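Chains: A, B, C and D, in written order; residue numbering restarts at 1 for each.
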């Protein structure tokens, strides 16, 4: 785990700092809009004293020895990070120097909300659909679910999202806002959520959860509506993937000898399928949940851009464009941590479901 | 098939089964005739692919979805299993016909405990099992009474409660659960598993091959079936474990008073435990006889060949094999399906299908040499 | 659907094996659809230079006309496109180019990237995966840990950073997707080879005196290649999806480039005036991707040993 | 034991480590082969019989150098082979071959019979030209009772018996002098089994081969092997001429094995004697005599002292503290 995170941080560092000449790579940092605090922080990150390189421009010039070698820069960054200092972010639109950690996590809450909603959709649709498909092999429900899952797996998310928006706006245009507080703007069907951050107290930063915790039900409904389309769009691919996995493992399991014995014992079909087959068939699906989480977090980048969702994914492109190393590192490391932890949880789950595996 | 005087449990008549595969139709069973008498062990022998397991699965309605029963009937005490509805058939499997399979590793569910795999049978239709469970527990209590010369207060209370319950045939939920568990453990004990309480909680992977086979037999035993289908139950076992399993099977047969259809490819096992034998070849029963009669006086050329090819542990003798190999049942030979390999083939064989006729009392053979 | 049975003796030899596969293919309509779509896409890609002048995408035609002036949908953006019609079957884009022509030019670009990525990933996967599985020990551990690193981060994130840093070109785009794709193949090949090398015939070959490379590359790898090829077929669709997603968010060498994701991206701003600009490129991606997925799914069924009796 | 054996193992051990926990430390060993000494005479068929998990297959694989022994020596025609490597190992492999249990799995499904037959010739450069290889392949395929038309076909087009013939032909391709037959007929039907056994006998007398015949099937062992060793939990517990071993077993385990084999003759029905309990795990082998926990003759000595291998009669070796006589219990 430590190895994975460490190697990833090196990789990202090399990608953003090592491939370009230092003057280019560091250019975004050398901007007058970074105040003295920023300068200090930068100097610390680069491992140089502000006294030897007094001006911002000096940082970027290789001649007077202000630029330390790449490994030195990495060392400086690593020491800062290990002491809890993630530096400032260069994201455009943020005045002055903003703390990377704060900016990241205020946005990350939105990404988390979106991904969790999509994950819930994936599980509650994908697993039953896979089961139905397998138990009705080559009958109508199988064909339908196969088409839906393959379709979901093949549809470009950005396009699917755009089409959903189009249909939604058409609906609002034709029928009036009705249930929705639609202003006509594409992504902000939830007017209050994003524009008035102070409306409710923030516990988690996720609008849905916060609204629930503060018993603000109109707000809750609004945020639910807001997340609906992006979450469906994000979930569509993973629903397809999960359905296919559950279907094929379920079909494998239904062919197993122990299913034959279970049926020969005179058990009801329901018992055979849900007790005997599903427990075994769910194992492959559990195994890939790490991959599914990676799917969701990766897909979130595109979906957030399409829906102008104020999460981290939406900011990733801008961050990459300005070579905002602090933001990108934090982003990559947090997602990697989530995926690695998911895999650990999978191991635990596995040993609970399958008695043959002991931790 | 001649009417048999003795009472039969299972009568299979003219059973034809086809498997539809992507490559074509496999004519797996071609009119199987078979009857199991009450209280006997009938051996069903044949080489791999001859259809012996398919026969058993067809009888209990567990053929894979690509199988089609073209014709035939399987009468269990006079009722046709093949004409039953789904639920009726499920109840028949639950109560009347139990099947024990070959490989106890793959046939037990790896993620469920042995105990659960037994108790779920009872839980699926508890009212069917309550009288037996109460009777079993009362017997256990009496046994304790006998050995200890008295009963504790709790056991006395329990006995009274159970006696009351046996009149109404109703139990409370918790009581039912407790009795089910006790009953399952007593069954595990009766198949002579050591430390049944422990085995109850164990998972299949924690048991040895022989113990798993016993656990599977226990699952059949719980139901006290009229007919037990034992499908190659000793094939995956070592000789010493095989001996244990066969011994157990014989003893249990006496205890629960059932009939057994023992499906095997091992002629030595048949000779050891069966009362009568039916020999199958390529989807047909070709010869049926009393076990001593069959081994002393095999009539069908296939039976003769099969017996001559078995190596024996007691004498050194040259084994003779049957020429050729088992036909591909997608393209079965015409007429008598054995004719391409038969040393006594004559012009009639490829052109017509012989029928199973009784040549001497209790000895049936399907071959033109004997009329057919 | 009940197949016509094969005649006896029809099932011999390698050619018969192929014939049997085709026989199964005919019986499976879903695969057939996938097969037709995939072949059609490849054909269009091959003959596209004959259909459309490959350099025509530079030519902007700003002699604009107005075709759709529905007040309900007039969002104040200039209606500058020609609608789908006789001259331009799918209308024109905001540069005045025929959308149908641009899409014909786009298909080979997307397919080429997809094939390059998948084939390279297969080659890398077969090499490192089979060696990791066969040699085992520290080498296996090392290769596994490296794939762990790449599997722990959403590929698209790495790809975005790579493209931004290394420059927006088709080569970098291909490379960026490949970097995130190869670890899956290493894992897949490794697990296939691990399973295959436990089979008794490998033991027999060792007993015969065959050396490691012969066993690995002449027997084990060819025998474990089917699932990998199936995965590759499925992945052609997925790579197209990833590439078009990257270009859709603007990581394209040129806004004019006829590439399906980029065409959709250019079109999205005219969503309500010219919805066909995003509808058709997206639909094309869906159909091609679905085609390869159907094909891969069906091939998996066909080569399923359980169906092969 | 006498000198001049064709194949001899002395105190051969094969332990498989069980790794687990942090840093994959070795937690325990599976003692698959736990000190085996045996000698096979030139031109004989040496039977190795035992139940599953007794280590007979591992012993075969260790002799074949498919897995490295943990300790002990193996010599083939007087030459120590337990540690040879590389080129020398390849030379050894040319002299000894193996036929495996499952003819379905022991052939590469994508390889035609011809290519499979020619491959060992290529590896060992035993044929100089392509035409010579083809001629040899045709000769081989006829030798095992198939015809040259079969050369172009693939394994899945053959029946089980035919496949095993092909496997035998491949083993013969490099003209070995020694073959380990690991349960060569146990996945075949009885009516086919006899053909293969006869083929193996014919080839042996034809080419002067030496066989080690591994099987769990006592009846087959009785028909095939003049001398037999009985294995239990990684050790040979009894070794004698087969005739004598079957008529007068000296080890209680051998006796138990023999009496639990049913005989295909209802007239000889005897009621199968059963051995209680299961084979202990090869990870935790009982101290003293390893058969003690299941042995009805066990004494305190058996629990404490590992019994020595003694020659109770000429060429009849038993690993038991007591010279028991079971001859009366005619089987």
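Just so it is clear, a contact is a pair of C-beta atoms (placed from the backbone, for glycine too) under 8 Å apart; a residue touches a chain by one contact, two chains touch by 3 or more.
No experiment lies behind these values; they were computed from the predicted model shown.
For the pairs A-B and A-C, the larger set of C-beta contacts lies at A-C. Closest to the middle of the protein, by Cα centroid, lies chain C.
Measuring from the averaged C-alpha position of chain A to that of chain D gives a distance of 58 Å. Chain centres here are Cα averages; for chain A and chain C they lie 24 Å apart.
In terms of their C-alpha centroids, the spacing between chain B and chain D amounts to 34 Å. For chain B, the set of residues that touch two or more other chains is empty. Each of residues 11 in chain C touches at least two other chains. Residues of chain A found to touch two or more other chains are absent. Per the touch definition, chain A reaches chain B in the complex via residues 137, 256-258, 260-268, 271, 275-276, 279-280, 353-356.
Chain contact summary for the complex, chain B toward chain D: residues 47-48, 208-211, 238-244, 246-247, 265-273, 291-292, 295-296, 305-307, 309-314, 316-317, 319-322, 325-326. By the touch criterion given at the top, residues 3-4, 7-8, 11-12, 15-16, 19-20, 146, 150-151, 153-160, 162-163, 165-166, 169, 173, 244, 255, 290-291, 294-295, 297-299, 301-302, 305, 316-317, 320-321, 323, 328, 331-332, 335-336, 339-340 of chain A touch chain C in their complex.
In the complex of the two chains, the chain C residues touching chain D come out as 11-14, 17, 199-201, 203-211, 214, 219, 222-223. Residue ranges on chain D touching chain B, taken from their complex, read 51-52, 159-162, 189-195, 197-198, 216-220, 222-223, 243, 246, 256-258, 260-269, 272-275, 278-279, 331.
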